[in-house]
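Next up: the structures, one after another.
Same chain, two partners: chain A is paired with chain B first, then with chain C.
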Partner chain A sequence: MGITILRLLFYVLIFPGCLFVTAIGLLLAGIDRKVLARMQRRVGPPIVQPVYDFFKLLGKETIIPHAANKTAFLAAPVVGFVSLVVLMLFIPVFSFSAFSGRADLIVVLYLLTIPGVALIVGGSASGSPYAGIGISREMVTMMAYELPLILVLLSVAKMAGGSALCFSLSDIVAWQEAHHSMIAHWQLIPAAVAMLLVIPAEVGTQPFDVAEAETEICEGPLIEYSGAPLAMFKLNTALKMFVMTALFVALFIGGIDTGIVALNALILVLLCIVLTVLCMTLIHAVTARLKIEHLFQFYWTFVTTLATVSLVLVWLGL
Partner chain B sequence: MFKKMIAKSTAKSPWIYHINTGSCNGCDIELVAVLTPRYDAERFGFKLAGTPRHADIVVVSGPITSQSKERLLRTLEQVPEPKCVVTIGSCPQSGNVFKGSYSVEAPLEQYVHVDVAIAGCTPKPEAVIEGLYKAAEILGKKREAMNQ
Partner chain C sequence: MISYVHFPVLAVMGIFLGAFLEEIFGVHNKAARQGILVATTGIAFLLICALVKPVMFDGEVISYWMGDHVPVSGYAIGIGYEIDQLGLFFALLVVTTSLLSSIFSLRYMERDGMLGRFYVLFLMLCGAVLGLTLTGDIFNLFIMIEIMTFAAVALTAFRGERGFALEAAFKYLVLGSMGSSFTLAGIALLYLQCHTLNMAQLASMLHGNMTPVSVFAFGLMLTGLSVKAFIVPFHTPAADAYAAAPTCISMMFSGMVNKAGVYGVIRLVYVIFRAIDLPAMQVLLAIFGAVTMFIGVTMALAQHDFKRLLAFHSISQIGYVITAAALGTTLGLSGALFHAMNHTLFKGLLFLCAGSVLYSVGTTDLDRLGGLSKKMPQTTICFLIGAFSISGLPPFNGFASKWMVYQAIYAKAVESGNFLYALITVVAVVVSVMTLASFIKVTQAVFFGQCPVSCAGAKEVPLSMRIPMWVMSALCVITGVFYNQVEAWFLRPAVSAAFNVTHYIDVMMGEGTAAAFGISNVKAAAASFSYWDPILWLLLFVVVMAATGIVIITGARERGRILTPEGAEEDGKYATFFSGEKSLPSHVSGSDLFWGFKHDWKSYFRVMQGAHSGIINDYALWVVVGGAIITLWLTVFVR
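For the complex of A and B:
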C-alpha cells in the first residue's frame, strides 16, 4: 500500500508529472525561441531564457485590479497548470504509462480544453475590455481547432480498434508496436498533417495567436496579469508545447519501443523537439498573424477536410 | 539560493514597454531597430511587452506634452515593482528643440525617478542597447535590494 502511494507520488511529482513536464516544456520553449532567431539570422536568446523569464516573473509584484474577481483571477492559472500535469500522466511514453484506462482518449480531450477555459476564466475575471475581446477570440479559436482534433482522434481510434473504436491510449500504442506506427499507414497521413496544424492553434503560437495578439489587443486575456500568475500562464504555454507534441508522438509515432523507460523518455523528448521546430517554429518564422475569421475558415475548411479524408479512408477499411 | 536565482533572472529577462509622449517618431524607429536582426537585443533577453503590467523597463520618448503627461504618469504607476524608467533621446531630458513651448513639460526628472537617460537626437542603436543593458543591470540590483 505504502509503496503504491510512493509510486503514485513519484508519477505525479517527478517523472511524467510536474518536474519532468516543466523542465522539458521550458526546454522546448527555449529551443523554439533560439531556432526562430537563427531562422531570422539573429543570435537569439540563450536556450535557458524561458527559465529566466519564469523566475523573473515570480519575483515581480502581483497587482490585482480593482475590477477583478480575486479568487477566479488567481486560481485560473493554477487550474490550467494542474490540468496539463494530469494530462501528461495519461499520455504514454511509448510502452510506459502512469495512468491508463479504457477510455483515456476522451479524458485527454476534456483535459485539453481546460487550459483554454482557464485562460478564458482568468481573462474575464480581470475585468478589462481588452481581455473581453481576447476571450471571445480564444473561444472562437477553441471551436475552430476542436472539430478537426476530434476527427483525428476518431480516425486513430478506428484504425487501432478495427470494428470497435479503441479509446485507450496505451492500447493504441500497443497496436502500433504490433503493426507499424500510425504514420506509416498511408490512410492516416492526412490526419497526421491535420494534427500538426492543430498543435500551433492549441498552443497559441504566431499565426494562430489571435487571442493574445500583443500588438493589437495588448496580449488579450493576459493584459492585467503580472508577477506569479503571469509566470504560471507563460509556463502553461510552454507545457502545452510539450503535452501536444507528446500526444502526437503517442498517436502517430508510437511504434518505437526500446524497453528501457529512460531511453524511451529521451527518444520522446528528441521527437518532441523535432515536432516543435517543424510545426511551431517553422510556421512562426514564415507567416504573419491571421485575422480571427481567417483562422476559423482555415480550420473548418482545410484542416477539417484533411481529417475527414483520413476518417473516411479508415472507415472504408482501405 | 532561490532569491539569488530570481535576482539573476531579473537582470537577464527585461521586458520593455515603450511609451511615446509626443515624439517625432525618430527615437521610436531607433528603438525598433534595436530589436531587428541587425542589432538583435533579444540576445540579452529583451522583449517588447504589450502592456505595462508585463513590463520591467519603461522606455519614454518625446518631450512630454501636456496632454500626455497625466497618461504617462498613470501608465508608470501600473508597472509592477521592480521597474526601471529609461528615457530615449534628448526630448524627455531637456525638451530639445521644443523647449519653452506652452504645450511641453519636458524634463521627466521633475515627476519620476529616471534610471537611465540615453541622450542624442536620435541616439544610435548601439547607444540604445547600451543604455537598456545598464537599465537591466540596475533592475537586478533593485531586485536584490528588495530581498534584504
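For the complex of A and C:
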C-alpha cells in the first residue's frame, strides 16, 4: 500500500509528471528559440534561456490591475499548468503508461481545451480591452483547429478499431505495436500532416499566434500579467509543446518499444525535439503572422480537407 | 399510511389543487401565495422522490386506474397512470425544476403585479408537465400538452408591457397550437385503428401490425411532439418565448417543457410504436438531431441578448439528446437521458444566473453589461460552473454525458458502417466547441471585462435566489464526478424500461398480454464505457495542485499588489502607467467578440438571418414542411 502510494506520487511528481514535463517543456522551448535563431542567422540565446526567464519572472513583483477579478486572474495560470501535467499522465510513453488505461481520445481532446480556457478566463478576468481582443482570437483559433483535430482522432480510432469502437489511447498504442506505426500506413499520412499543422495553433506559435500578437495587441490575454502568474503562463506554453508532440508520437509513431522505460522516455524526447523543430520552428522561421479570419479559413479548408481525406480512406478500408 | 401507488396521482392533483388555492387565497395575500406555492411544489417533490426506491431501485412499475375503472375484457376503458422508470426519470427532472424555480421566483417576481394569476399559471404548468410524464393514457397526455402549452403561452405574455412578450406569446400560441393539432389528429387516427387510448394496450396492438393509417398517425404525432421539443425546424417560437418570459419561467421552459416533448418522442418511438430498431427511423431522428444542434449553436453565436442566447443553446442541446436517442442503442439512450438531465441542471442554472443579472442590473443586453464579477461574485462562480458544464469541460456533468453521446454515435458508425454517423460525431464535437465559444463571449461580456456605468449599482442577489443556483451548481459537479452512480441508479433502469416493453404492457393490461401479442424483450445489454475516471482525474489534479501550491507558497515573497490610479499618485514608480492615459472601453462590443469567425461565415449567417424572419406565416410554413418531411419519410420507409 505504502509502496503503491509512493510509486503513484513518483509518477505524479517526477516522471512522467510535474518535474519531467516541466524540464522537457522548457528544453523544447529553448531548442525552439535556438534553432529559430540559427535559421534566421542570429546567434540566439542559450538553450537554458527559458529556464532563466522562468526564474527571473518568479522573482518579479505581481501586479493586479484594479479592474481585474483577483481570484480568477491568479488562479487561471495554475489551473492551466495543473491540467497540462495531468494530461501528460494520461498520454502513454510507448508501452509505459502511468494512468493512460483510464483515458480515451475524447477525454484527451477535452482536457486539451482546459489550458486554453484557463488562458481565456485569465485574460478575460484582467479586464483589459487588449485582453478582450486576445481572448476572442484565442477562442476562434480553438474553434479553427478543433474540427481537423477531431477528424484526425476519429481516423486513428477507426484505423485501430476496425469495426469496433476503439477510443482508448493505450489500445491504439498496443495496436501499433502489433501492426506498424500509424504513420507507416499511407492512408493516415494526410491525417499526420493535419495533426502537425494543428500543433502550432494549439501551442500558439507563429504564424498562428494571432491571440498573442505582441506587435499589435501586446500579447493579448497576457497583457496585464506580471511576475509569477506570467511565469506560469510562459511555462504552460512550453508544456503545451511537449504535450502536443508527445500526443502526436502516441497517435502516429507508437509501437517503438525497447522494454526499458528510461530508453523509451529518451526516444520520446528525441522525437518530440524533431517534431518541435519540424512543425513549430521551421514554420515559424518561414512565415509571417496570419489574420484571424485567414487562420480560420486555413484550418477549415486546407487542414480539414487533409484530415477528411484520411478519414474517408480509412473508412473505405483501403 | 397511504400506499405509494397513490403518490403520483396525489402529486399531480396537489399541484393543480394548489393552482386553484392560489386563485382563492393568493391574489391579495403574499404569505398565503408564497406558502401555497412552495408547499405544493415541495410536496410534489417529496412524493415523487419517495417513488425512487420502489420504481428505480426495486424495478416495480406502478399502474393506477382512475376511479378503479380497470380494463374490461382486455380493453382499457378508464384513464390509467403508469409510472415506469423512464417516466419517473423525467418526473424527477420536473419536480426538481419546479421546486427550485418556485424558490427562485419568490424574490425574483417581487416587483411584478398580478402575482396571484402568475402563480396559478405557474402551478398549472408544473402540474401539466408532471402529469404528462406519469400518465399511461395517450389522450390524457394530449390534455396535459394542451394545459402546458396554454399555461406557457400565458406566462410568456406575462410581462406584456414589453411589446415583444406579446409577440413571442403570439408566435408560441400559433405554433404550439399547430403542434397540439398534429398530436390530436394522430391520436384520433390511432383511436380509429385500435379503439383504445391506453399506451400499453396501443403498444401491444401495434406490434407487428402497422397499417398505413397508423404509420400516418405516427408521423403526425411525432411532428406534434417535435414541435413541443423545439427541434429544428420547429424551434422558432422557443427563442422569443425563452427571452420574453420571466426568467424563472424560462428556466422551466428549458428544464421541463421541452423535456416533455423529448419524453413524448422517446415514449412514442421506443415504446408505443417500437420503431427505433428500424435504420430509417434512426437516420431520420439522427439527422433532425444533428441539424438541430448545429443551427441552434450557430444562431446562439450571433445573439446579442443573454437570455436569447441561452434559448438557442437549449435548442442545440436538445439536438444532442435527440441524436443520441435516435441511435437505438443502450449507450445512446443512456447518453440521451443523461444529457437531458444535465441540460435541465446546467441550463436551469444558467437561466437563473441570467435572471439574477436582470434582477440586479435591469437588462440582459450583452452590449450594455460588463464587469459584474466584482459586484456579484457568487453569481459569477455559479455561472462559470454552468458554462463549463454546458461546454463539456471535465469534470463537470456536461462532459460525462457528451462523452457518452460521442462514444455512442461513433460506436454506431463503426458497427453499422454508416459514414453519416461519423459525420454526425464530428458535428457534435464542433458544436461543443462553439458552445464553449459562445459562453466565453457571455463570460467576457457580462461578468469580466470593463464595468460600464449602467452596471455600477449592481448588487449580489438575495439569499433565496442564490440557494437554487448553488443547489444546481452542486448537482452539476456531483452528477459529473459520480456519473457511474447516476448511470447505475437512474439511467440503467430508465433505459432498460424503454427497451423492455413487455413489463410495461403486462403491468397495465394483465400478466401475459405481451406474450399473447408475440412481444418479447428486445435487449438489455449493459452500456459499456470505462475510460473516464473523474475521481482519479480529480485526485491527480488535487495532488499536482498541492505540489504547485507548495512551490508557490514557499517561493512567493509578497502577495500581488492591486494597482489603482490613486495608488499611482502615491507611488511614483507606477506613474508612467497612468500618466494622462484614460482607460478607454474596448471597441469590440460584448456581443461581437467573434467577428473573425462571423466574417468567415457571413454568407451562412445571412441565410440564417433570412430564414429567421420573425414572420409567423414563415414559421408556420416551416412546421408544415417539417411535418410533411417526417410523415413522408415514415410512410415510405417505416412499415
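We take it that the second predicted complex is superposed on the first by the 315 of 318 C-alpha atoms of A that agree within 3 Å, B and C clash if a C-alpha of one lies under 4 Å from a C-alpha of the other, contacts with A are read in each partner's own complex, and residues count from 1 in each chain.
Basically, contacts are C-beta pairs under 8 Å (C-beta built on N, C-alpha and C of every residue); 3 or more make two chains touch, one makes a residue touch a chain.
Nothing here was measured: the structure is a model prediction, and the numbers come from that model.
Trainee: Which partner chains sit in contact with A:Y225 here, chain B, chain C, both or neither? Use first/second/both/neither.
Mentor: The answer is first: A:Y225 touches chain B but not chain C.
Trainee: Is A:L278 contacted by the first partner chain B, the second partner chain C, both or neither?
Mentor: Neither: A:L278 stays clear of chain B and chain C.
Trainee: A:T215 in the overlay: touching chain B, chain C, both, or neither? Say first, second, both or neither.
Mentor: First partner only.
Trainee: Going by the contact rule set out at the top, does A:L6 touch chain B (first), chain C (second), both, or neither?
Mentor: neither
Trainee: Chain A residues in contact: does chain B have more, or chain C?
Mentor: Counted on chain A, the partner with more touching residues turns out to be C.
Trainee: If you stack the two complexes on chain A, which partner ends up touching A:D104: first (chain B), second (chain C), both, or neither?
Mentor: A:D104 contacts chain C only, not chain B.
Trainee: Looking at A:I63 after the superposition, I want to know if it touches chain B, chain C, both of them or none. Which is it: first, second, both, neither?
Mentor: both
Trainee: Where does A:V43 make contact in the superposed view: on chain B (first), on chain C (second), on both, or on neither?
Mentor: It touches chain B, and chain C stays clear.
Trainee: With both complexes superposed on chain A, which partner does A:I120 reach: first (chain B), second (chain C), both or neither?
Mentor: second
Trainee: Identify the partner contact of A:S136: answer first if only chain B is touched, second if only chain C is, both if each is, neither if none is.
Mentor: A:S136 sits against chain C, while chain B stays out of touch.
Trainee: Counting contacts the way the document defines them, which residues of chain A are shared by the two interfaces, the one with chain B and the one with chain C?
Mentor: On chain A, the overlap between the chain B and chain C contacts is residues 58, 61-63, 227.
Trainee: Taking the touch rule as given, give the residues of chain C at its contact with chain A in the complex, in rising order.
Mentor: So the residues of chain C touching chain A come out as 371, 373-374, 380, 384, 388, 392-394, 399, 403, 406-407, 410-411, 414-415, 417, 419, 422, 425-426, 429-430, 433-434, 436-437, 440-441, 443-444, 447-451, 531-533, 536-537, 540-541, 543-545, 547-549, 552, 555-556, 558-565, 583-588, 593-597, 599-600.
Trainee: Using the touch definition up top, name the residues of chain B that touch chain A in the complex.
Mentor: For chain B paired with chain A, touching residues are 3, 5-10, 12-13, 37, 40, 42-45, 48-51, 53-54, 56, 78, 80-82, 143, 146.
Trainee: What residues of chain A sit close enough to touch chain C in their complex?
Mentor: 9, 12-13, 17-18, 58, 61-70, 72, 74, 78, 81-83, 85-86, 89, 99, 101-104, 106-107, 109-111, 113-114, 117, 120-121, 124-125, 127, 129, 132-133, 135-137, 139-140, 142-143, 146-147, 150-151, 154, 157-158, 161-165, 167-168, 227-229, 291-293, 295-297, 300, 311-312, 315
Trainee: Using the touch definition up top, name the residues of chain A that touch chain B in the complex.
Mentor: 33, 37, 40-46, 49, 51-56, 58-63, 214-215, 218-219, 222-227, 230
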